[in-house]
């Protein structure tokens, strides 16, 4: 085998293909093969063992899990490098001709949660329009297209929006109290969504969400920042806590809903698979992943600590235990 | 030329059932029936005889438009049933075939039970009002076809599991069950033993009381026994048509004579 | 022959009430049939028009034509025209050259509007163009120092403008293109610097990343699909027909054959992704075959297609009348001869139908390929067979699937374009089968 | 000798055997083929089969067994002390294999001889430059084992080549010797062919075994993490990222059945009517055009149908049926997916049934027309019953496809697992969830991902049950007709 | 009991071709042939007569194991051809059928050209060395079956497009073309006109010179004309077997007599 093989997250996929393409053009190595198939499956493939018919790189939209590391070790993959390539912003957007929205996590919680706090008590969610949730918002029916539970994005949505909202509205307190003070149990309750068709899980990708918004003009969808940036003529983005999502506001940490993106390299393959080292160095180089590079242009929020990552890659430092 | 005389006779005889005028049948380009003019009388048994491959079946199939189902087959000329052209646009072949029933040369029972085979016609034509009547029709038809005794215990078993002769009788029963006005029978007794043959001949005789029967047969004896009129075909031509006695005793055409006496084939 | 001679029964010319009713039901039945066929054809037409409507655009692309001065100072600093040395200049360097060349040309023609930055002007050129130029120069180092006429792809949004996908209004909202750029493009078109022409690249070039939808092509996918279909056809047709013949003609009816029969029917109901799981476990992990290769893809699709072919073939074999078999056996043909000389030819239409449908399904399937690594971004063409069967490749449905997932709206048209290619592929594949089937079709 | 060349030689021998066999047979009777028991070609065929089949069979078996035997012998030579902490013999062996492979490459590239390489101090780097990936640095004992492995392999493959060639020649000689005018060549070669046919039909069984095996391991794993009770009897499907998910299969099975039912309600009548029309009514020209056209429907990628459902059919159904009737406001619904899937399945029913209907003998039609039946009566009462077994096969095939379909359901019916009777509600199917859980971002070893295997296996058993039932019903019904 | 005597006779007569011993045939549970013991002599024409459905075809099909193709059919007892049990495990039914040719009751030509229909047997048995020989065999077979003149100009047209009688003759030609040792003919002349019938009877007579022929017929006359021995079946039993003249002039069993004189069916 003479080409690099990578697999994993479909969120990282576009960035990986951009780099792979440029790599193939400018180096004497073949263009790497980039598979999609999900972060979990990518990491699983990475951990299948060392050798030609296993992949070299796993793209991942979330951090590797201990179970993966154990699996890797069991299969002889003892040294893995963790490379953080930047951040992915998650935005809320609606049809370009629709109303403007300014959200807070609490609004989202009150709109989608199964149970909300009303007059100090937990009641089943009966909010019909956004105006019911927050009088400042338009009286438009609530309809939200959120990522299905298979998506890494959903986890971020759960944590950074729903849980935050749960806390902010006081629901968390009420749940915890109801669960006899068990905070964990209470937090879990925060994630129960209503099942009356107001919140719709999307198992496909952002293009599906976009098409659904096309078919339901009053819906709000959850997108990646890069996807939104490519479709600014069709989508109107909403603010979160008053902040407009952008590469800058996310890099600065002002916009709350974002997550880091990674890829994991099988160290045993370095120096064996031709071009692997060059490829990962190229990936994190300023030319690619820097704030002016094509990845940022496409919507990746450049990592402020990119320099450290570059050093780590150059030194081939494997990752330590998860903290 | 003898077209004229035949037409005249047709005008005299009120009981003409079928009248064929200048009928030609083509299979693709080859002509299987040539210039046939024939009158078939009501309440009469007409026998078609002639060597194998001379066009008897072909002509028979014209009479109820079964030829329509053969792609390459083309019919020219007029065939009148009760004075009405059966190849007319207005004529519904379905109605025609209900009136003009047919027993085929090769027995072709449906892959259904014996009962359903016979009940099929009455059912689609709505000839019975209830199950009891239908049972009766089935029984009487099977009896007429001399099959009842052999199959009465296994009416539910498939018709395709019968012996060759039984299948042939089943097909006769099936055709009789719809009580057609004309019954076309293509060698109905070819696979039957003498006794069954006699029973079917009896049936034919009985049918003649009300209907017209056309029967194709290779047996001169049978033709002589059951038919009142006989038509002799040869190489697609209708050579001679006349009273059975006349044909067998005093044929006009030398070809008829040599066929009957066993000289041409 | 007088008309009054209708003494018995009714006139044939007048249909009686019952016949009328029956004819009405006959007509209804016929209309249902026609409606069913019409429905199918209509559905096809609707789907095809929507696919063609959006997809045909992918076959035409906007190109820029301009003179490019290949500056020796930047491209070959040492001046020895050694490709290895020259390769040090990356596409970024070539991009600058192209940008400069375009600005120079536009300034000469006095087309650049007031206040438009160099970057905006350069934005009209596809990001693929520098790579093309670089390849051209490296292939022929003597070009350095000359001024050549270079035909470059235009950026996808500009292309979209000429295809109606991008409008001035949408551009105003779009962060990737500005109305000023579109106005410039309009002027350039008037000046014949830019225009639409047939895009062979869509059929022959490999896929491209999300930054350059205008350069994405189907070359690798077509090859991959072709390789896989060869494997599927070569394996599934003989295997399927052989299995059907055994089960239908030779096997005794007992529990074992019942088991096989139920099994095959059940395999047809196994979701295609499960075949992917199987392929991953058996072919890649157990048999150590390479990932992403058409060989593994073909094998997986073969297993998936087999039940379809077997079910169709068995039904067709069953429909051959026993009298024909009797006839052959009666002249002393063996069972095998009977089957191969008489039964199989008569069953051929059904077998071919099964093959057509099975291959159609195999050609359009993505899910099982997901697990064996073929749903991937592959830019290098697989080699010639047989080694090429082991090289990574993509497939047409995969390309469709990938295109539909991408953010840039330009990929929508390309997804439909890929579907058109897939259907053409399917039709060419089926035509032989359809002609053969018509030859074998006959009634007995 | 490489595998390819070896196979080629055997194939060539077999081909030569064919002609020799023919010639021999004819020579035995001085060219008068009539005195032979079988046609001359059959003699050739037996020689061909005797030459090729045993040789290839042994080749295949050898290739399967050789690694196991060699592995065991080499593994026996590795001292327990050489196995690093936390590792296993298996892992060391995989290193051995890779090193042996690497040595082979280095040697064949002519860069170094084997002893030189073994003495080299950076074997790993040297092998890496030949493109062989090694996880750890190489210990001498492992290199020794690798050399041992390589020697054994070489010896073994030499032995294999010899054996296979000898077998081919022996088979050929044996078959040629047996040739005599009375030799029942046809019977022999037909028996051979029969066994090949049997072998082909066992592919289906092997596939099933493969599927079950590849699912069962992870399924067991899943049931260790998640109780089977809850999986089979819980009616809520709600996977979560941080565990505590509800993974009841019932909403998914319900959705599968509902969507498939609607799809069949569309495709079966339309398909059968289309088949009837094409086979019985349509002119040759219409048929020649319409049949392939409808077959294209089976070849359109399902994603196109999915988008059609999502963009056109879904909103249409919502705006014209669901909302006016007040029974739903979701644009994705079981109805949408079922309808669109039904369209896709039309050719599965129509094309296969059409061929079967066409194969019904004309004499049956004649029999019915002769009784004055209309064409539709003939079709309904004579032709369809006669063609029934084939049509049932076609319908089963369509049903199977409906159960296995993903994309249309994702885009048409949504991703919400729900048990509802309302056809205008969004629901989802087992297959969709298999795909989405398997390709999601959740960690692989979690129940949320592994559930895909359990779903796959359950669906497999479920459809198996349905198929047994279908077979039983068909048998019972068919008995009336044959 | 009379098993003994028959066996003895078999030992005496060297020219026995087929010997059936206690043959029973079942269709599912119903018994179609009961305890049949029969010897069929070489170089002789044996006629099977009996009412329709009595089991003639069934028994005939046992003789070359065509019953194997019917799932529900089960044969018990022994049938010996030249002293060898044809139902033995070692016997290859294919070889048996090559020796024992068959003409079926319902004509069943292959959906192939007329030429291919006849040439099929010689081809698979390798009876000819080249095309010219094959042409010759086809022509002579068609001539023997009295079909040559009718089809010589259209050997390439499909056999299924022939008339009923022509199809029947085609099937006879097909069977004759393989030159079997025994020829089983199930009502070979049922659809033939007298002249064609005479020709086929001539053929049968000619075949008798070398082979054994078994013919099922419903025509007493035909049985009397062509056969040397006649077997009478009734309700699955072999009622009587003897010289044709004896059977027709002096039947031993009352059932035979009443059948021949036309009293039972």
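Just so it is clear, A, B, C, D and E label the chains in written order, and each chain counts residues from 1 on its own.
Quick note on the criterion: contacts are C-beta pairs under 8 Å (C-beta built on N, C-alpha and C of every residue); 3 or more make two chains touch, one makes a residue touch a chain.
Because the structure is predicted, anything quoted here is derived from the model rather than measured.
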(request) Any chance you could name the chains that touch subunit A and subunit E both? (result) C, D
(request) Tell me which chains count as touching both subunit C and subunit E. (result) B, D
(request) Count the C-beta pairs in contact for B-C and for D-E, then report the pair with the higher count. (result) B-C
(request) Select the chain whose centre, defined as the mean of its C-alpha atoms, is least distant from the mean of all protein C-alpha atoms. (result) D
(request) Starting from the Cα centroid of subunit E, hunt down the chain whose centroid lies farthest away. (result) A
(request) Express in whole angstrom the distance between the two chain centres, defined as the mean CA positions of subunit A and subunit B. (result) 83
(message) Suppose each chain is reduced to the average of its Cα coordinates; what separation in Å results between subunit C and subunit D?
(response) 22
(request) Please report how many Å separate the Cα centroid of subunit A from that of subunit C, as a whole number. (result) 31
(message) Can you work out the whole-Å distance between the CA centroids of subunit B and subunit D?
(response) 56
(request) Among the residues of subunit A, pick out those that touch two or more other chains and give their numbers. (result) 1, 36-37, 41, 52
(request) Pull out every residue in subunit D that's touching 2 or more other chains. (result) 186-187, 307, 361-362, 374, 377, 438-439
(message) By the touch rule stated above, which residues of subunit B touch at least two different other chains?
(response) 94-96, 98-99, 106, 124-125
(message) Run through the chains and report each pair that touches.
(response) A-C, A-D, B-C, B-D, B-E, C-D, C-E, D-E
(request) Going by the contact rule at the top, pick out the subunit E residues touching subunit C in the complex. (result) 64, 66, 69, 71, 93-95, 97-99, 101-104, 106, 108-111, 120-121, 124-125, 160, 171, 174-175, 177-178, 180
(message) If we count contacts the way the header does, which residues on subunit D are in touch with subunit C in the complex?
(response) 186-187, 190, 193-194, 196-198, 200-205, 207-208, 210-211, 213-215, 269-274, 276-278, 280-282, 288, 290, 292-305, 307-308, 312, 343, 346-348, 350-352, 354-356, 358-362, 374-377, 379-380, 387, 389-390, 393-394, 396-397, 399-401, 403-404, 406-407, 430-431, 434-435, 438-439, 453, 456, 459-460, 463-464, 466-468, 470-471
(request) Going by the contact rule at the top, pick out the subunit B residues touching subunit E in the complex. (result) 27, 49-53, 57-58, 105-107, 146, 150, 161-166, 169, 186-187, 190-199, 218, 220, 259, 262-265
(request) Spell out the residues on subunit B that touch subunit C in their complex, using ranges where they run on. (result) 7, 10-11, 14, 16, 19, 42, 80-84, 86, 88, 90-92, 94-96, 98-99, 124-126, 181
(message) Taking the touch rule as given, give the residues of subunit D at its contact with subunit E in the complex, in rising order.
(response) 31-34, 36, 38-40, 184, 186-187
